[in-house]
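Look at the two complexes coming up: chain A is in both, with chain B in one and chain C in the other.
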Partner chain A sequence: MARVIIDSVEIEIGDDERLNGIQAAARAGIDIPRYCWHPGLSVVASCRMCLVETGTRNVETGDVVMLPKLVPACQTPARDGTVFITQSDKVQHSRAMVEEDLLIDHPIDCPICDKAGECYLQDYYFKYGHGGRRADVRPFTSRRRDVGPTVTLFTDRCVMCTRCVRFTREISGTSELMVRDRGAHEEIDIFSGFPLENKLAGNVVDICPVGALGDKDFLYQQRVWFMKRHEAVCTGCSTGCSIYVEENQDRVYRLKPRENEHVNQWWMCDEGRYGYHYVHSPKRVVGAQRRVETSEENGDNVPAYENVEWQPILDDLQARLAKAGRLAAVFSPHLTVEEAYLLAKLVHGVDAEATLAIGPVPVVGEDESYPNGFTIRAEKCPNHRGLQLVLSHFTDRVLAFDQFLEELPNIDVGATWVTGGYPQPWIDEASASRFDEVPLLIMQDIFASPLWERASYRLPGVAFAARPGSYVNHRDRLQTADWAIRPPAGARVEGSVYWQMLGMSGLYRPQRVLDEIAATVPAFAMAAGPLPSVGVDLRLNQFAEAATAAASETGDHC
Partner chain B sequence: MATFEPVLLANVGRDDSHTRAVYESTGGYEALRRTLAEMSPADLTELVKASNLRGRGGAGFPTGVKWTFLPKDHPGPIYMCVNADESEPGTFNNRILMEEDPHQVIEGAILSCYATRATTAYIYLRYEYPGSYARLQAAIDECYAAGYLGKNILGSDFSLDMYLHRGAAAYICGEETGLIESLEGKRAWPRIKPPFPAVEGLFHKPTVINNVETMACVTHIARRGADWFKSIGTPADPNNPRDAGSYGPKLYCLSGHVNKPGCYEAPLGITCRELIDNFGGGVWKNRRAKAAVPGGISMGLLTADELDTPLDFSGPGRVGCLGLGTAAVVVLDETVSIVDFLHNSCRFFAHESCGQCTPCREGTAWSLRMLERMRAGRGRLADLDLLLEIGDSIGIMPGTTICGLADGAAWPIKNAIRKFRDEFEDFIRRTNPHGYDVTEPVPALVQLGGH
Partner chain C sequence: MKQDDAHISWVEPPKLGLSGRMYLPLLAQGLTTTARHLFSQKVTTQFPEQRPEIGNPLIYRGVHRLNKDAGGRVKCVACFLCATACPAHCIDIIGTESPWDDREKYPESFTIDELRCIYCGMCEEACPVDAIELTSMFDLTGRSREEMIFDKEKLLSVYDQTKDAEPSRSQRAASEGATT
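Let's turn to the complex of A and B:
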């Protein structure tokens, strides 16, 4: 156990931990300002903002011997007896000088800069800078140049921390960005004809401590202080990156990665980052509808729909479902664990022999792995694994979608409940025609589809940003997302529909459902209680269970 | 003085002094032959250590001690880099050695590789020395032909390959870790230390980096022994435990306003005035010296009163200079404006700052702009304090930068303003009579071209 002293606060760090001064100070609740240091990148110690005084305490005598010069905290390891002083006059003067230096050429165009409000340079200048400007140089203008299809560079705002350069070398492994020229004239740039074009490119905007790298998707869209951020899970693929959804007044403006060492570290891919636009598509379906029985008399077979309020349509549906006979349900891999559980429970409550199938699982290309281990999965849905775990609790035979389509004519179902929620078109006319003989087809989806045209009941659902609940990623990690925006008028969260039809009181509360799942489904035992924001690994429990099962030699359906 | 016999420049001036034949005719490569036959690498290291040879590149770190920092029993490879990126303004002694007597350098490099068990040596040569490039390459080729380089040198089990690498002309490539980065094909941004190059240097392997003149000294130590070497120069100051003494011959580059500028060999410890008067033939045009740079402009300035400072490793430091540096003395006569001198110095360092650390990148550029404004007749007395503040806050000594370039930029500022403050104030008062004492922030200027 190493003892480290930071500004007279003494902390202990584990023997197997290797912390630098910044990390050790953070443990003591002290923030050391920095630009170039990022926990996910190599240390260059070049911005010199994290300079502190350091020394060593003699373990036996307790005497502290300080180094005469300042050292960068990011590069100085915290060892047993290390002393850091982060608030002395010498340190403050050095910070003020660095701030003044950085602003010599900076355009100070905060009013038109997207970064304003979350900018290190702004924050640190207010905190550590000395008020007046002594430099006799007119700051540069806001020169802007494109470095890639999604990222733009405001050259003069740059503080040359080289985080972005190191990111493209160490994390994406694509090395598009470089430093050009020398001294105060140097700039970040790309080699002519080789733009910043990789699937992790958007991360350079996140790690830029100032407004130099701008996200074209977000450029001039919103001031950051107007947005609220909500913890969520990316639904773009089965990696399930931890993210923040940032919205203002029910409109999503951007997604940002949220640190999670078990899943995505500090990063997310551009597919996920820019894949949210469908949430606000004008083509979203809204308003619950019921199919009106058309008379056969005049041979007119055009289906007609009437708009019905949610309360009566669900009452009506419940009544029809109860006498429908055999049931089948198709679970979209975009449903949360809670929703899948509630729907399965609902269907099973009516027909204990109901057929449960998993909807189409979109697979595009192959998994793409990056040098640091970040992987973009080919499976473009968030909860395939979660569905498998939930549904196998209700039946031994969970059908894949293709299987289900084949067996559908033989089942003689009275009603089929189909959930969609895919960002892309997910069912074609040929597949949809297999549902022609289904007497009662209940559809929950966000876009119209060939199947939507055949539905008896149309219950518009929501997209991920409005959907609270949990997802299980491909490595059995369960993470919980908050809802960030309210559903568009006329749409309802799928889970709240099941909640109501199951007769549960009050508003839809996924946490209560998850508690019930954790108590009743052994595979989810780890999900009990309040969960950390990084989620839990469900396998921890499964390993234990497998061990128990092997010991007792008894087969269990889980 | 009378007994001092030049050794480093002994061959310079002979016809074809750069060829192996001439070099061998004066005893060249005999030291190598004898050392490989009679001494172990550890013996040679001990010999160099005993000679108290200090690196000639500028910092004056004891060479033998540097070699012992290499990890023991390392499986290899260990690399040797000969730093021939001689870019300190005023310095040209390495050039003389490489052009006129390259074999002396190469023999020293081979010996040093033997002592450090390095199997590959790189000579990192600045691009601006095409003559040195041709002569060194020819000399290396001759050595391969003669069996001094390659496999099993002179029948021993010691093998060595030597490569000549040309840099692309940047001052920062002379910083040892900048040199390594450049040699690896990267941008020459000095590395953070630790790890030091001796532990993890070129291609992540233990690496020794020595100056060209240091290599030449190793040749003569192997040839004549440590006692001979220690008989020259200034012994350590007994009152200063950190002084390791300054021994051996040294090449002094004398330039500026003297009658006979040139590269002269003298024992370490010669005073600046002796150098100017005895070798340089005095200040030109019967003028008086106003100041002199003791060892490349990054070392600061000696005033006329300080010219009796001995030019050894600790002498210039006693009068406020950074150190001996490269022992390149530049003499400024009484007509030179110190404002112009400082402007020139700041322009150099602003141009050569690699741009990695904020205080150096911005500090050097800012100080240049202030001096440009001052020379344009808009200086203020307050600028001097600001310049001093920049000078005092940048560099590896206060800890604000990774490498020593910023110290080199800071010392001329600190020395010039502290030692010639009256002249600066007079200049500002004279050229800006209506605004010299204004202290409000200067209205922003359109950037004056300085690159």
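Let's turn to the complex of A and C:
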């Protein structure tokens, strides 16, 4: 056990941990400012912002011997007896000088810089800078050039921390970005004709400590202080990256990765990052509708729909569902665990022999892995695994969608409940025509589809940003997402529909459902109680059970 | 509150004398004030025929204007600081990339709801480029609520109307001119 002293706070570090000065100080609750150091990247110690005083304590005598010069905390390992001093006059003076140096040729165009409000340079200037401006350089506007289809570079705002360069070399492995020229003329640039074009490119904007790299998708859309961030899970693929959804007044402006060492570390892919625009598509269906029986005499086969309020349509639906006979339900892999559980419970409550099937699981291309282990999965839905775990609790035979389509004519169903929620078209005319003989077809979806045209009841659903609940990723990690925006008028969260139809009181509370799932479904036993923001591995208890079983077999009590 | 609270001292009203009870001295005192105002200088202004004099137009808080730079372009850089500072949430800006080479961002749309505004002047305080200012125009009228929502063109036209009488206020704006 190594003991490290930081500003007279003594902390203990495990033997197998290798921390630098910044990480050790963070343990002690002290923030050391830095630009170039990022936990996910290699150490270059080039920005000099994290300079601290350091020394060693003699374990036997207790005497502390300090080094005469300041050293970068990011490059100084915290060993047994290491002493860091982070608040002395010498350190403060050094920080102020670094800040002043960086600001000499900084444009100071904060009013139009998208980073203002979450900018390290801005924050550290207020915290560690020394107020006045001694250099007689007038603020100016920054030169700008494109470095890729999604990223733009404001050259003069750059503080040359080279985080982005290291990112493309170490994480994406594509090495598009480089440092051009030397000394005061250093600039980030691309090699002519080789733009920053990889699926992780958006991350360089996140790790840029200043406003040098801008996200074209977000550029000038919103000032950062207007937005509220909500913890969520990316629904782009079955990796299920932890993200923040940042919104203002029910409009999503950007998605940002949220640190989760078990899933995505600090990164997310551009498909997920820019894949939220469908949430605000004008083509979203809204308003609950019921099919009106048209008489054959009129000669028109075009089905007519009437708009119905949510309360009466659900009462009506409940009555018809009870009389429908055999039931079948198709669960979209975009549903949360809680919603899948509630729908299965609802359908099972009416017909215990109901057929449960998983909707189409979109697979695009192949898994793409990056050097650091980050993987973009080919399975473009968030909760396929969760559905398997939930539905196998209700029935031994969970059908895949193709199987279901084949069997559908053979099972004499009275009603079928289909959930969609896919960002892209998910069912073609041929598959939808298999549902022609279903007397009562209940559809929950966000876009019109061939199946939507055949529905008896149309219940518009929501996209991921409005959906609270949990997803299970491909490695059995359950993560909980919060809702960030309210559904558009006329649409309702799928879970709240089931909640109401099951006669549960109050508003839809996914946490209560998850507690029930954890208590009743063995596979979800680990999901009980309040979950950490990084989620929980559902297999942990299986490992534990296996371990105890193995231990009891050998009679070994360790 | 209790009647016998030690912290309370009870005060009796003074007993009126004969003259007091007759009210005549007080009556005379009041009539004297009336008479004095009868013959003193009048302070009422005959608005709207006669315009009131505004003490210092530079610190008056009337209708907003959006200043123009030397090139006649809107000075605003769409930084949203006025909208952030505004306690009445009456400023609505849509910022976008500017069509000019020397400027990065500009307001595509800039609207102020003059009815919602409380004329506190916080927007003017917050503006880093002295683009928004409050003029001494105070008699703002309109036939509908929509008419009182000023868009960018209208706010720029207020500048054209008032720029001669009220030059841009800050010294910085005067010295820099076109540099913003």
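Just so it is clear, the second predicted complex is superposed on the first by the 538 of 558 C-alpha atoms of A that agree within 3 Å, B and C clash if a C-alpha of one lies under 4 Å from a C-alpha of the other, contacts with A are read in each partner's own complex, and residues count from 1 in each chain.
Rule of thumb we're sticking to: a contact is a pair of C-beta atoms (placed from the backbone, for glycine too) under 8 Å apart; a residue touches a chain by one contact, two chains touch by 3 or more.
Since this is a predicted model, take the numbers as computed values, not measurements.
By the touch criterion defined above, A:Val43 lies against chain B but remains apart from chain C after alignment on the C-alpha atoms of chain A. In the superposition on chain A, contact is made by A:Ile112 with chain C only, not with chain B.
Legend: residue contacts after superposition of the two complexes on their common chain; A:Ser94 is shown touching chain B, with no touch to chain C. By the document's definition of touching, neither partner reaches A:Phe126: not chain B, not chain C. Touch criterion met: A:Tyr220 reaches chain C, while chain B stays clear of it.
Comparing chain B with chain C, more residues of chain A are touched by B. Residues 138 of chain A touch chain B in one complex and chain C in the other. Taken together, the chain A residues at the contact with chain C in this complex read 109-112, 138, 141-142, 144, 219-220, 223, 225-226.
Interface of chain A with chain B (complex): residues 43-49, 51, 67, 69-72, 75, 93-94, 97-98, 101-102, 104-105, 132-139, 159-160, 178-179, 181-186. Looking at the complex, you find that chain C touches chain A at residues 77-81, 84, 95-97, 102-105, 128-129, 179.
The part of chain B that touches chain A in the complex is made up of residues 170, 187, 189, 192, 350-359, 361-366, 369-370, 373, 386, 389, 393, 396-402, 441-447, 451.
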